[in-house]
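Across the two complexes that follow, subunit A remains constant while its partner is subunit B and subsequently subunit C.
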Partner chain A sequence: MANRVQIRTSSSALIAMIADEDTITGFLLAGVGNVDLRRKTNYLIVDSKTTVKQIEDAFKEFTTREDIGIVLISQYVANMIRFLVDSYNKPIPAILEIPSKDHPYDPAHDSVLSRVKYLFSTESVASGRR
Partner chain B sequence: MERQESSENGRESNEGISVKEENILNFLDSVDGYLILMDSLSSTLRQGWLELASARHSMGASRINSTLFDHKLHPASTTLQVNEQSAGPDRELPHFTLCKWASSNNPEKYFEEAKFGEDELLKKSNSLRHRDISHNSGNVCFPTFRFDCLGKMTRDQGFDLEALGSISMRVLKPVTNPLEMVVEISNMRASLLCAYDQVQKDMETATK
Partner chain C sequence: MSGQTQRLNVVPTVTMLGVVKARLVGATRGHALLKKKSDALTVQFRQILKKIVSTKESMGEIMKNSSFALTEAKYVAGENIKHSIRENVHSASLKVRSHTENIAGVKLPKFDYFIDGETKNDLTGLARGGQQIQACRAAYVKSIELLVELATLQTSFLTLDDAIKTTNRRVNALESVVKPRLENTISYIKGELDELEREDFFRLKKIQGYKKRELERQRLSAQAYAEEKVAVDLSLKKGLSLGTAHNMLSQATQKDEDIIF
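Coming up: the complex of A and B.
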């Protein structure tokens, strides 16, 4: 009971996005875009001029905000901050790595699947048999 | 007496093995469902990018780009409801539900569209090998309190579109299906991680 993870419930959580312009345009048209009183948005458009620091800061901000339930991040962007994404282990917000136009989805790089692939490795099978 | 005790121990060990096997099957099903959903999302997004490129071609790149995004105060019209879902003793999962605006001024048609959208999603869920739809379905929730001010909210939804020029909803179809898939994948992700934790716990118990 002491180690139980608290699930943060919400009735109107946002979907945050860190992706290329076309992906974000499409999702904004679906109505997920949010601009608050401080003109802070729930998305970051990544292009050739976006620095890794900006992406890191956006990821840290979106994963610590209490009003965000899901963070969508293009997988090629996630690869730029792989250490941050892989070390994230909270239940909320959920981090989903999505494909982009020029970079198809690769299950081998997905942080969730990377975490669980240990169960399929020969080391885990061998240790279970000892 | 000894035979009775040994048969009881055998039954207990059989039950223990079957629970562990069930946990492994749940985990494998979750991984399978996750991969299938990611594949579906990839296809749907690809279709969306194609439509966006087509709209850009017909209307001009200057009318569909990020420089036209408005940064005035604007709440999201599509949000999430996050609840707790019990996954066993001392274990809870987050459960996501999509809450989105109507796409029609007619209230009856609104609910029909919602029902149609939910039925379509359930049909797609049926195609997954993992059949536990009640556990994995991406439920679509339509908050009724917003329904009363539908006229106002319709204008607010158009606010984003005004920023992109006079683009009608028919020219650029909103990517609503991927949103439902995103919610479904998020729920599947939570199940996958829960199943993984359980299998890992079983392995640690077995090695002790």
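Coming up: the complex of A and C.
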């Protein structure tokens, strides 16, 4: 009965971001951005020219990197790679869906909340039938 | 998979009966404990779920505020601010720390954020809008705080979900496979022991029957011999043996040559 999944405890982990330009700018201003010696960043700016493949690759890279603890992803970007996000089941790094300027937060599409939709009554916020 | 619960293949002895009974007691106790653990975890789970829903709602609000602050800063300081911010990124000053907490026997991860190193204040000396930029930064730091808390809740949520599923699986396994199997084994052993006892009893009775008949036969033969002996003694007392009297009688029927008539 040993723990099959070991929770990684780290003393300093980065916050990765996959979002639109404005959101990323704001977070960079707060000091979340990190560029290491090999010019690898912990964020990906998604605009109209970014392909789904690039987003997929970035997501996979961020979730396999050892030094990343949280991945923030805009909800409309998450919708583009919904299958990857839904099949992700490791506890660390944590995947968090954030709203963006043009797309307000929609709980019905959140991958975590949709997993427990059955627990909610039909009027609650997470069931999306407000 | 057979629908019927099997029993364990054991030698049906009294010792095995004791062993299997002990295992049944252990299984029952384990089942009760696991059920309690599952209930405790479910309570925690629902609490976390409620917090997650409310936190996500407030996150929507806070992100909106931060976006407004950024728009204000952009308006005041000009569009080029984005590029200067991007150029200014070196190493992250806001990082997260993760450690595990033990809740109801399950290790849940917990994140805290901390400021590592100095925040770069080069931008705030810009000709226009230093104050707006400060305000924008503060708004975003606040949203990061909330997001880190949300990340903690989310990971605990997922871990708890997993733990609850495992525990429930174990409870069901104990209840519907292990315990019936042990109970069947116990009734089988008891049945076999009873049958052995009946066999023994039957064998005993049979042997007793033989012995009795043997005794009876001996008694009868002894009695017959004793009667014969008594008869012989009696005739000897009267002067003849039973045997000679018999001979005389038999000879009388034969012709005696000495007798002329």
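Assume the second predicted complex is superposed on the first by the 115 of 130 C-alpha atoms of A that agree within 3 Å, B and C clash if a C-alpha of one lies under 4 Å from a C-alpha of the other, contacts with A are read in each partner's own complex, and residues count from 1 in each chain.
Convention: a residue touches a chain if its C-beta (ideal position, glycine included) is under 8 Å from a C-beta of that chain, and two chains touch if they have at least 3 such contacts.
No experiment lies behind these values; they were computed from the predicted model shown.
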Exercise. Aligned on subunit A, subunit B and subunit C: do they clash or fit?
Worked result: clash
For this session: With the two complexes superposed on chain A, say which partner A:Ile15 touches: subunit B (first), subunit C (second), both, or neither.
Result: both
Exercise. So, A:Ala108: does it touch subunit B (first), subunit C (second), both, or neither?
Worked result: neither
Exercise. Just subunit B (first), just subunit C (second), both, or neither: which does A:Arg39 touch?
Worked result: first
For this session: Would you sort A:Leu29 into first (subunit B), second (subunit C), both or neither based on which partner it touches?
Result: both
Exercise. Looking at the overlay, does A:Ile98 come into contact with subunit B only (first), subunit C only (second), both, or neither?
Worked result: both
Problem set entry | Residue range of subunit B overlapping subunit C upon superposition on chain A, of 1-9, 37-45 or 109-117 | 37-45
Seminar exercise, completed: The shared contact residues of subunit A with subunit B and subunit C are 5, 7-15, 21-23, 25-36, 41-42, 69-70, 72, 91-92, 94, 96, 98-99, 101, 104-105, 107, 110, 112-113, 115-116, 119, 124
Exercise. Which subunit B residues qualify as touching subunit A in the complex?
Worked result: 27, 31, 34-35, 38-39, 41-42, 45, 48-49, 52-53, 64-66, 69-84, 90-94, 96, 99-101, 157, 160-161, 164, 172, 174-176, 178-179, 182-183, 185-186, 189-190, 192-193, 196, 199-200, 203, 206-207
For this session: Show which residues of subunit C lie in contact with subunit A when the two form their complex.
Result: 46, 49, 52-53, 56-57, 59-60, 63-64, 66-67, 69-71, 81-82, 85-86, 88-100, 107-109, 111, 114-116, 119-120, 123, 133, 136-137, 139-141, 144, 147-148, 150-152, 154-155, 157-159, 161-162
For this session: Using the touch rule from the top, collect the residues of subunit A that touch subunit B in their complex.
Result: 1, 4-5, 7-15, 21-37, 39, 41-42, 45, 69-70, 72, 91-92, 94, 96, 98-99, 101, 104-105, 107, 110, 112-113, 115-116, 119, 124, 127-128, 130
Problem set entry | Parts of subunit A lying in touch with subunit C, wherever the complex brings them together | 3, 5, 7-15, 21-23, 25-36, 41-42, 69-70, 72, 89, 91-92, 94-96, 98-99, 101, 104-105, 107, 110, 112-113, 115-116, 119, 124-126
